[in-house]
């Protein structure tokens, strides 16, 4: 893998934007930073993290999957037509925080694995060069280090960048990253890795130490499942689902058809396990009838089921969004402590 | 009241007393949050639990939202809006009055984190408060702001800062009353051309994620199945379609009409900081004007959409 | 806009306005054919969401009509309806739906001429408001253009 | 009685006749409803609005018309005259003549094509001759039966053998010029006469210039002028020049209270109120500030809510002038100059643009002739004679009356009497109940559970009514393409008998399980098609109609393209809804055939007796230690009938009646249940199970706080004075001077109603005193004397006997003082302008009747009270003894103050209404009613709060969720529209169905 430096962030972004790929990067709009298609001059650097997680770039809130309409030739029959897949463009995503990149990697293992592949995700995710921007000044709610990550983490990224004066230090992490940077002009080779180590240590030192999840991860599922603290946490949970909408690893969706007299569109929308409706069966039976089951599901999923299914990778990446936004201050760190008691 | 510590002490004492007297099996209040600008609803069942109660300006929810069908006797450490919402729960048969004990607290208003962040751009690592100010600390700096300058918008026009008339017991001093919402901005907007009004209201909700945190936080939204979750017929699309989203907000506001106590929990819970109350305020103004009704003002009131007067005015009807 | 023919959904209570429309028919009082009537037992049955649904589906106007206050076949259904109408009417106009789109009236089963007059007025006012473009759901994009 | 026939003839199809017919038919008797004209409806069908609620008259009788027209046990004989009544109670033979209509009722589809070419124009009596109709005509647009008829006297074909255009035009081939009159004999057990009235014709009163001044019209003409279906569609204009009047005057008592010119000494009871109503409506209709003046003698707003109505009129700027106009002088511009003497004796002149004569109610010569022929006693005004204690029984046993036939009265009183007449007329027929009444049997509906919708669509041509405008074939072809449509076809007349049979066949052949008919209005034809479905073995609710005639072809005749498109849309909407319809079940519940009567006064006892005559048991609960209530204290009625004797007889009858048990010293404690199955626990611990409840809790005499009442032993209330009379009090007998003060506690702030009985009571007492002691000086201090109806006679008698009436203004009430025990009454006489001082031996206060304010009782049975504390009926005009809550009725003073004869009538009426429930061993409930989905219900109670029928409860046994009582739900759907989470669904009008209709509409 290679390392580069650039003297001027803007010229780097201009080069990236001129690569033939669409540039997605953090930018500020209405006082909030979001990942969006922007011109290089509007890319933001003075942000802790994007307001929403970057998952919507690969898994949008509403994704139109296919359309169907009545077959004029054959009464009673319908013609199906995929929507959108062919419109997906190669992208370069700049400015992903390492925690979020790690979150996307968790999602990636859900949407593509040995059992099935989601073409919408795959096309977008694999079609994107993901350039991370390391956190040199982590925020008050950040705890990536507590869940095995780092402000300079590399999981899920093709390139890791860090701010170096007016310029950037860059380190490629994958062949795709290598290839992308190779094609750009204005990059100087070397001069990044050494500095990065020091910055990484400094940043990590400002973050909390690891959560002790060992006990929770070692214990049988049902032991954790039956712990008494769930009800107590659920008592104050509103089931508002804000945590799931903001979580970079939450990936649940609901497929809906919308129709008119001529045909219809099939779309998938973000869904949330906090919702009563999420698990209701056609029969009317609901296996997660109360808040307690739903709250337990979310935390078990993050801290127990994902690690079980994804070879120990934690389902929480410590971005801190849920801690910041939860209106009733349900703090996943505290839940993790409860689970490990 | 001389200090926040005294008030906290009084709250804890009152809570313990309510448990000891058998007036309550559980006391609803708040405890300190684990992150800046947060507070956690706290449900105390033992005298020890009561020790965690604090007065906070960072409550983002309305404790009355927990009342519907809550088993057993509850003491509610209530701000004015929470007391009014509790009245609504009782009036709407969601919680029996005899199981409710209201410990009212004079309230100077909740702090809007966005307003603080607009004033203080440096990363804030710690937030504390006393009676009238909030204290901020960052990397090597501290600062203070008067609460009155960074209040949540709903708190700036609160008509029930001191819920004396609703509380079974009052703590803290009276909070000086504020002028009620005069809806001047809405009146000005009403004079604008339709396109501008539509652009304004659609613009408000353009970022809505349809997460329904507003609904979940709202003490009025206790329906077992919300109209947006209707499936037979499913008449409201689930996507981020602008009209579906707009419809959700319009109808939710309609459902809150004559019931909303302006507690602001919807806006405080909204992770996209949408000014949701603009929709509610439209109807609040109308309810006050047409029926002189103030939700949650008395235990025996009839919400305006459950009653009528034969001579109700409706000039627009041909 | 001159050839614009508005599409209007009308909600009539069975006992008064639906009857007035029947009587208008008996009396051969003509009016524009732009509205389609949904018959309800009472305006009390009118859930406000029906009005929004009609607009969402692209109606250019909505007309609600029932018994005069005091004449309700069900004693008080229209009194309760009236309170809902007050709020809905206010809200719909406040959020920027043109004032000419949503109409309410009380027309008794004997008022065939009033029915005719109001029918004409409603259609003309909706026509003057033009096609409903802002308070409706966008047409579903079935991707048909690409197929063709 | 040897033979008892379980049928009753009701003569007269006005509102009273209709009510009597329905009550009898619903109680298990077969009813012949005989109507002279083309259609039922009577005078009420002519009214625009009704006082004091300003209800639309047609809107409120229309459902009643339809009910009578469709009732399986009411046989409607229109154009029918009664020739003779032979036989006796239990077994009358009534000879009738059915006159020809010249139109085959079974074929006429009421399309009106026949009128188009009819060359004959005739004065339209429905509009009081203010416009014209054709010789072939329908009486009015909503007439029942909605069938045309030919005016034999005017028709060219029938009179001169020419024309015949209607026969050529009729698409249904219904015209039959060869019809002849037929005679028939009806065998009935009793007869109810409800011939109604004709308004007094003012042509003979030259003073009012009605005959020669177009600006002068009668009130009924003015009513038609106000009517939306009237000659000017409600636009108030002077008919001669179509000018909008600036000032209108109403002249009261035209042909009433007038023995000099009209020979009608009685008060017509309704004119003050209808004049106020017409004045209010006229002002509402005028888009400008119309000046309205009412010239009156006394304003008689004595009924429930009338006084408020009067005050409202004053507040609206209607001017009231106490004077009788002596001359009207027509002006050149069509205006009118009034000359009159003011209340203060001064002459005045004033110009108006129009004058409305508030003409009284009179009995027609035809009715008089009939009454004589049938051997009925009449009073000197030709009203049928009755007693106060049996107010609906006429002099010939077995013949009963209701409405204006027995005296002038308003609609609620007529309706009350109608129900009373139904009770009285069936009181001797109980043994034959159900012997002639018919029931329908339909095959049990097939189970369609699990079947996908298979919709059959029938598009009606309605002759040329639809087909001449709408391209029917196109609509049929379109219907075939709609989802779930299995069959679609056209039909010439969907409602014809042969098509009905065809539909039954097709339903079976194609296994259709939803039916859509695109034709005319469901308001008139839905029941017919629903019956057809039932005959075909389909649940009758699996039906939907599209009204492509009234709402389409008839109003878009000039635009066939759009009309066809609209017909397609309407059919699509109907199909969309039909596909989602579910079969609705109707369940039966048992009815406990017992009544609980709360209150043992004259009202309660009469109700119990009337119920007993029908074989039903009742429990009468009386809170005092004796029955009789206020009647225990009354002396005599206005007709001088002895109340004590009557009461003793009544009590003895009750005592002897095995069907009645009286519980004294007890009240209602706890209540549960609903119509058919109430359970009431009394304060003595008794549990009463009952199917109906009659509230007859009476009222109280107000205890005055003025005029030295309670401070001087000779200041008495009416009831106290009556007790002295009854006791033969010597001091009263010897006294030489009496003063009566009227309106003590009535018609003032806080009690803004007239107590109705006090004026009559006062003049009756005055007359009694004068007769005993002609030298006694008697003064009546009054505001308006309200001796309505024939009671006016005793007012006149009192004046003739020398009783002195002095009017006082409420702002200058009489002042009462005492000096050394001697009373002095000082009153300002506005006529002379002087103050009078009278020293009476007795001062009698006509004290108000006040409600017992039975709020607690009301809460227990979930029935409301009005702001004055009177129990609030389901409808002030047409359901004066019913509560909105099923199975609940009221009688007597708890409803409103009223004299004994009206109390008895209302008591009998309550019984008749109760019998309509008790007579059904099982009640059918369900159909289009609400149901609650408990998965969606939060138990917030909004549905229960808005339900006008108290049909919804929050059930503690169901976690506080709402439950609908199907027996009480009327299907308005207000609950369903008010619930935020859509927990209630109105069957037949579900969200899914209505959303589907909205979608299909666009």
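As written, the chains take the letters A, B, C and D, and residue 1 is the first residue of each chain.
Throughout what follows, contacts are C-beta pairs under 8 Å (C-beta built on N, C-alpha and C of every residue); 3 or more make two chains touch, one makes a residue touch a chain.
Everything numeric in this text was worked out from a predicted model, so none of it was measured.
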Need the central chain here, defined by C-alpha centroid distance to the all-chain C-alpha centroid. C
Taking each chain's centre as the mean of its CA atoms, the one lying farthest from the centre of chain D is chain A
Which of A-B and C-D has more C-beta contact pairs: C-D
What is the distance, in whole Å, between the centres of chain A and chain B, each centre taken as the mean of its C-alpha atoms? 32
Whole-angstrom distance, CA centroid of chain A to CA centroid of chain D, is 73
When the centre of a chain is set as the mean of its C-alpha atoms, what distance in Å lies between chain B and chain C? 36
Which chain B residues sit where two or more other chains touch them? 225, 227, 235, 237, 241, 305
Overlap residues in chain A, where contacts from two or more other chains coincide: 258
Sequence positions of chain C contacting 2 or more other chains: 48, 53, 70, 76, 80, 84
In the complex, go through chain B and note every residue touching chain A. 33-36, 38-43, 60-61, 65-66, 118, 123-126, 207, 209-213, 216-217, 225, 229, 237-241, 265, 268-269, 271, 273
Taking the touch rule as given, give the residues of chain C at its contact with chain A in the complex, in rising order. 139-144, 146-147
Complex contacts: residues of chain B adjacent to chain D: 68, 92-94, 222-227, 230, 232-233, 235, 255, 302-303, 305-307
Any idea which chain A residues touch chain C in the complex? 64, 67-69, 79, 81, 83, 258-260, 262-265
As the complex stands, chain D meets chain C at residues 48, 53-60, 62-63, 112, 141-142, 227-229, 233-234, 521-524, 547, 549-552, 554-559, 562-563, 565-566, 569-570, 573, 874-875, 884, 928, 946, 948-949, 970-974, 976-978, 982, 986, 989, 991, 994-995, 997-999, 1001-1002
